[in-house]
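Right after this note come the structures.
Both complexes below contain chain A, partnered by chain B and then by chain C.
And then the complex of A and B:
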């Protein structure tokens, strides 16, 4: 078994490299406006954190084996910790940073066990090539399997273990609780880490080893169901939040749920497509929120805003483009990708109850997404200004507007890289560029293509209404109709000059939603149940582990304090010691050399 | 020809006299002289073996040692002067500032 580092660049990682570097660049530029111009201190620490994060993420993207991926995965988590806790003198951020670190660590624990399991099962953790673990799994060649476990059961277990890390990092239920708290970090950090790139690491990891997951229908079904559930679950919580970044945080969790749903439904390309478009429009929304936060003197409560449309036109129009993309309105980027995700889930769902459940929940989340997105837009930018600050907001400079403009354009047009519905309906060939790119049309590595994944995957397509074209049209019409319904409801309730809170109409549900289904309390309660174990572990750590270390140092200290007394400072004594030593040496050599016999 | 063992015995004797001087004397100047004796004991060995093996290397080495001894005395005297300036004595047991 070899443990190596290597670089793997194929169409998937090349695409991811473009996304990560582009967004990192824009976020660095934006930081000039958000951090430097606002007179923050500790900027070297901030930029060092951003740089380290970008480097770790790039290392993760090009990793050619699971162990290397794991190491950079952890580094990415560390950077997240450092940056969330950037304002460490305030009470909130350090606590949020600790929570993010611990919750993702909990998932990574399973990931680590999964890495070991992959090594134990296949003797390698390479992603690509004939000796890679997906290829070996496909051929059924394992070096070790415990207790005569059936191969597909074994693959499912290993896959689910690795999935633990994915669920933690990509903020899927039930390990999503860290992400809303992570909004304590500076807003550019939220854009870079908690929307566009680090959270994408989990989804990217599943896509990276998709050849392995495709062999396990159970693991795929679990991924799809968890994804669909998270999409709906997080969207419902976004409906009642009052703070701009909180809404965006829940929408992020929800959108990653869609990606997981796509992966679980065999929609490898759809997931990567949604990853791409989401990276652009969510980075845009977070940077737009950052711009609003600058304008509002760091007040994030949407009920204190209103009417910012005329004061911040660049921010408004780019934010609107991002919101339309997030809500999935034609023809913005998010429409194409979300539509393809739901389409993939729909055509593969018959006969797969878990997948069908995931699809239904994903579909239900569409109007909810549109609703909370436009609730946010209307409350922030429309209506009458509700506070003095909103009447006279601070202006922003080029270093804020520039990144917003670039991302705004991308949020509008990114859909053109993958116009599959248009191709199917109108029969125009060659506009499904992303499909071709990921199918090694131009270049790639044998065995890492969407075509290959579809071949070994468990799903076959079934069209419900009117063949392929009919299903495409029906699916798109349903999701667009639902999105417009959500948007319309938001307009009716909040698109008025002086909107009022309508959440009270939800009654008791509102409290449940507002308190995130009490999951944080549940996790804290569970954490306290481990106190006894933690106590024993602490005793072991303090007594045995630290005891050994402290013991060694005590012995050294005591020994040193005694032995140093021979250093008297009198040279004659040194000379005597030297002579004695020489005599002793000669005697020893003589005795062992046999001179005296 | 005198057997090589006699030279070795002579060298050992001279060396022991030097060593005795280093161990018993307190005056730094005696130290220098004793060290000189020990080095010359080594020189005797070099020359004796050069003669014994009919090889000039040992003689060349002893010339180097003599040159080295000259340099060592220059530095040694320097140290003794500094010690005398700082402590007012040439007794090596008086300055014990470098102890633990």
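And then the complex of A and C:
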């Protein structure tokens, strides 16, 4: 077995490199406005963390094997921890940082076991090439299978182990609980790490080794179901949140659920497409929220805002573009990508109950998403200002407006990179650029193309009504209609001069949603239940591991002090010891060599 | 380039060192007014650098290497210039130049530093001569030529009791060791009838009934080598001599003089007592070296771990490193495929060690020049006032411990890998355990420099003195230690080719 480090640049990683570097650049510029202009202290630490994060993320993206990916995966996790806890003197951020670290670590534990399992199974962890583990898995060449396990089962187990890291990092159910708390970090950090890039690492990892996952229908179905469930589940919680960034956090979880749904449904390109558009519009929304937060003197409660539309026009229009994209309204970027995700799930769903369940939940999440998004927009920007600060907000400078404008434009137009529905309906060839890009049309690496993944994947397409064109149109119409319905409801309830809280109408569900389905409590409860196990591990660590280490050091130091005593400082003793040592050496060699016979 | 110059010019590096020493002596005697610390240091440095330049030129152009017709022999085969000799001469010349530069600051207020430089040059000449020796007689004479100036160098601070006492102890242990060595040579001569390496090797191959006499002789020669390399049980002089000597002299002894001991060992135990013939005659010196290596490593590192003074810690660490380098002869085997590899790795380790250990002792010299004290506590917080030098010291410490990304990591790695390839897993294991122990005491220095607070606020005032030349030498050694990492490829290739040529 060989452990190597290398760089893998193919269409997928090249696209990801563009996304990461572009958003990192914009976030650095935005930070000038959000951190420097606000007179924050500890800026060197902040920018060091940001730089280290960007470097680690790029390292993860270009990693050519699973072990290297794991290392950089841990590094981005560390940077996330450091940056969430940036304001470490306040009580909230350090605790949130710890939570983020521990919860993602829980997933990473499975990932690590998965990395070892990949090495044990294939003897390599390379992503690309004929000797890579996806290729070996496809050919059925494994070096070790424990207990005569069937290959499929083995691949599924390995895939699900690695998926543990993915679920933790991409904040999927049930390890999503850290992300809303991570909003304690500075807003540019949320935009870069907890919206556009680091949380994308999980999804990217599945896409990176998609050739392996495609071989395991069970793993794919699990991914799809978890994704669809997370999409709906997180969206419902977003409905009742009062703080701007909290809404965005739940929406992020929900959107990554869509990407997982796409991956599980065999929609490799759709997932990457949604990853791309989401990176742009969610970074935009977070930076827009950051701009609002600056204006509101760091008050994030939406009920204290209102009417900011006229005071912050650039922020408003860009934020609106991002919101339309998030809600999936035609023709904004999010519409195209979300539509393709749902379409892929739909045409592959017949005969796959888990996948179909995922699809239904994904579809149900569409109106919910549109609703909470526009609830947020109306509460923040429309109506009458509800506080003094909202009446006279602080203005923002070019370094805030610039990044917003760039991302705003991208949120509107990014859809054009993959106009598959238009191509199918109108028959215009060649406008599915992303499909062709990921299919190695321009260049790429053998075995890492979307075509190859489709060939080895378990799914076949089945069209429901009126063949392919009909299904495309019907799917798009349904999801657009649902999105518009959600938007309309939000308009009716909150698009009024003085909106009031309607959450009481939800009755008992309200409390459940407010408390995030009591999942945090459940996790704390579980943690206390397992305290004894942790206690035993701690005793083992303190007593046996540390004990051995301490023992070794005591023995070494004791031995050292004994040795030291030989050095008496008396030359005649030296001469005696020296001569005796030589004689002993001569005797040992002489007796063994038979010199004296 | 083959044989363009007359063969005797192959001795140019040795001659340059010797002539420089004589010139220094001449100026010192004939024109005492002309001597000044600076002019003496400059002449010595130029001489050492010229010798280094000549050596590097010879290595690059392949003088004495297998590709260009093999080793060059002179004076009825008493001298043999090969790549290994040149490799070690490069170590001697580099260390000498560093020490000379540092000594310039160290002896800034000394009444008569000229003697120090000439003694240093003569000792270096002796070392270079040792490297090219091809006869036991030449080896002995050259060894004495190294030893006698060394005793004086240690006792050079004649007003300082510690220095004089250390010199005397060094001399007494040295005299005993020389006697043992010479006795060993006479026994070998008695049994084989020759002093030339080649003839001795031939005789050892058919030694038959005289194996016992030869064996005892060889073990005594091993003793002489152990003295020069400061290996157990001939190491007793080292902690005291290194501690009492002026720090530049300690640097010189622990780096160059030790390397000189190893070049003797490497030449003797490949050319005069080849491993195959010796084992066939039941003279298992490999085993003797194995014991010495393991004991030396362990004793050096464990004793270093409990020292309170940095210089004494470095002295023991240098004993530990002698143990590592001994693996180069202890891990040889009959028909072992990796014989050349492991010995070459030991050579490369000695080269790297030459820079990192000299640098560490020169940092101590700087601390003595500042007058901050000798213990770990006295070094607390030095990094605040001397960040560059302290960083250099940290580089030396981590490199000595064998941590990446410093050159010490690679040399130790190749050494242990060579031992494993040759079937000496246990030696590599002992080495690895010892490296772990060594990290403890090396990092204590770094901790003191960077993390600890000085005992008193005024403790650092002494650092207002800026010994420029010492600084330059320390920084240069640090840069070399770091640059030897990317440059390790050619070094290890040259070393392993040179070592392989002897098997």
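By our rule, the second predicted complex is superposed on the first by the 547 of 597 C-alpha atoms of A that agree within 3 Å, B and C clash if a C-alpha of one lies under 4 Å from a C-alpha of the other, contacts with A are read in each partner's own complex, and residues count from 1 in each chain.
Convention: a residue touches a chain if its C-beta (ideal position, glycine included) is under 8 Å from a C-beta of that chain, and two chains touch if they have at least 3 such contacts.
In this text, all values refer to a predicted model and were calculated from it rather than measured experimentally.
Chemist: By residue count, which of the two partners contacts chain A more extensively, chain B or chain C?
Modeler: Larger number of chain A residues touched: C.
Chemist: Is A:4 contacted by the first partner chain B, the second partner chain C, both or neither?
Modeler: In the superposition, A:4 contacts neither chain B nor chain C.
Chemist: Looking at A:569 after the superposition, I want to know if it touches chain B, chain C, both of them or none. Which is it: first, second, both, neither?
Modeler: Both partners.
Chemist: After lining up the shared chain so the two structures overlap, which partner does A:500 touch, if you call chain B first and chain C second: first, second, both or neither?
Modeler: The answer is neither, since A:500 touches no partner chain.
Chemist: Using the superposition on chain A described above, determine whether A:595 touches chain B (first), chain C (second), both, or neither.
Modeler: Only chain C is touched by A:595; chain B is not.
Chemist: Which chain A residues are contacted by chain C in one complex and by chain B in the other?
Modeler: Shared contact residues on chain A (touching chain B in one complex, chain C in the other): 564, 567, 569, 571, 575, 579.
Chemist: Applying the document's contact rule, which stretches of chain C touch chain A when the two form their complex?
Modeler: By the definition above, chain C touches chain A via 168-169, 172-173, 176-177, 180, 211-212, 215-216, 219-220, 222-223, 232-234, 236-237, 239-240, 282-285, 287-288, 291-292, 299, 302-307, 437, 440.
Chemist: Provide the residue numbers of chain A that touch chain C in the complex, in ascending order.
Modeler: Going by the criterion above, the answer is residues 553, 556-557, 559-561, 563-564, 567, 569, 571, 574-575, 577-582, 585-586, 588-590, 592-596.
Chemist: Within the complex, which stretch of chain B touches chain A?
Modeler: Spelled out, the residues of chain B in touch with chain A are 19, 22-23, 26, 92-93, 95-100.
Chemist: Residue numbers of chain A touching chain B in their complex, please.
Modeler: Against chain B, the touching part of chain A is residues 564-565, 567-572, 575-576, 579.
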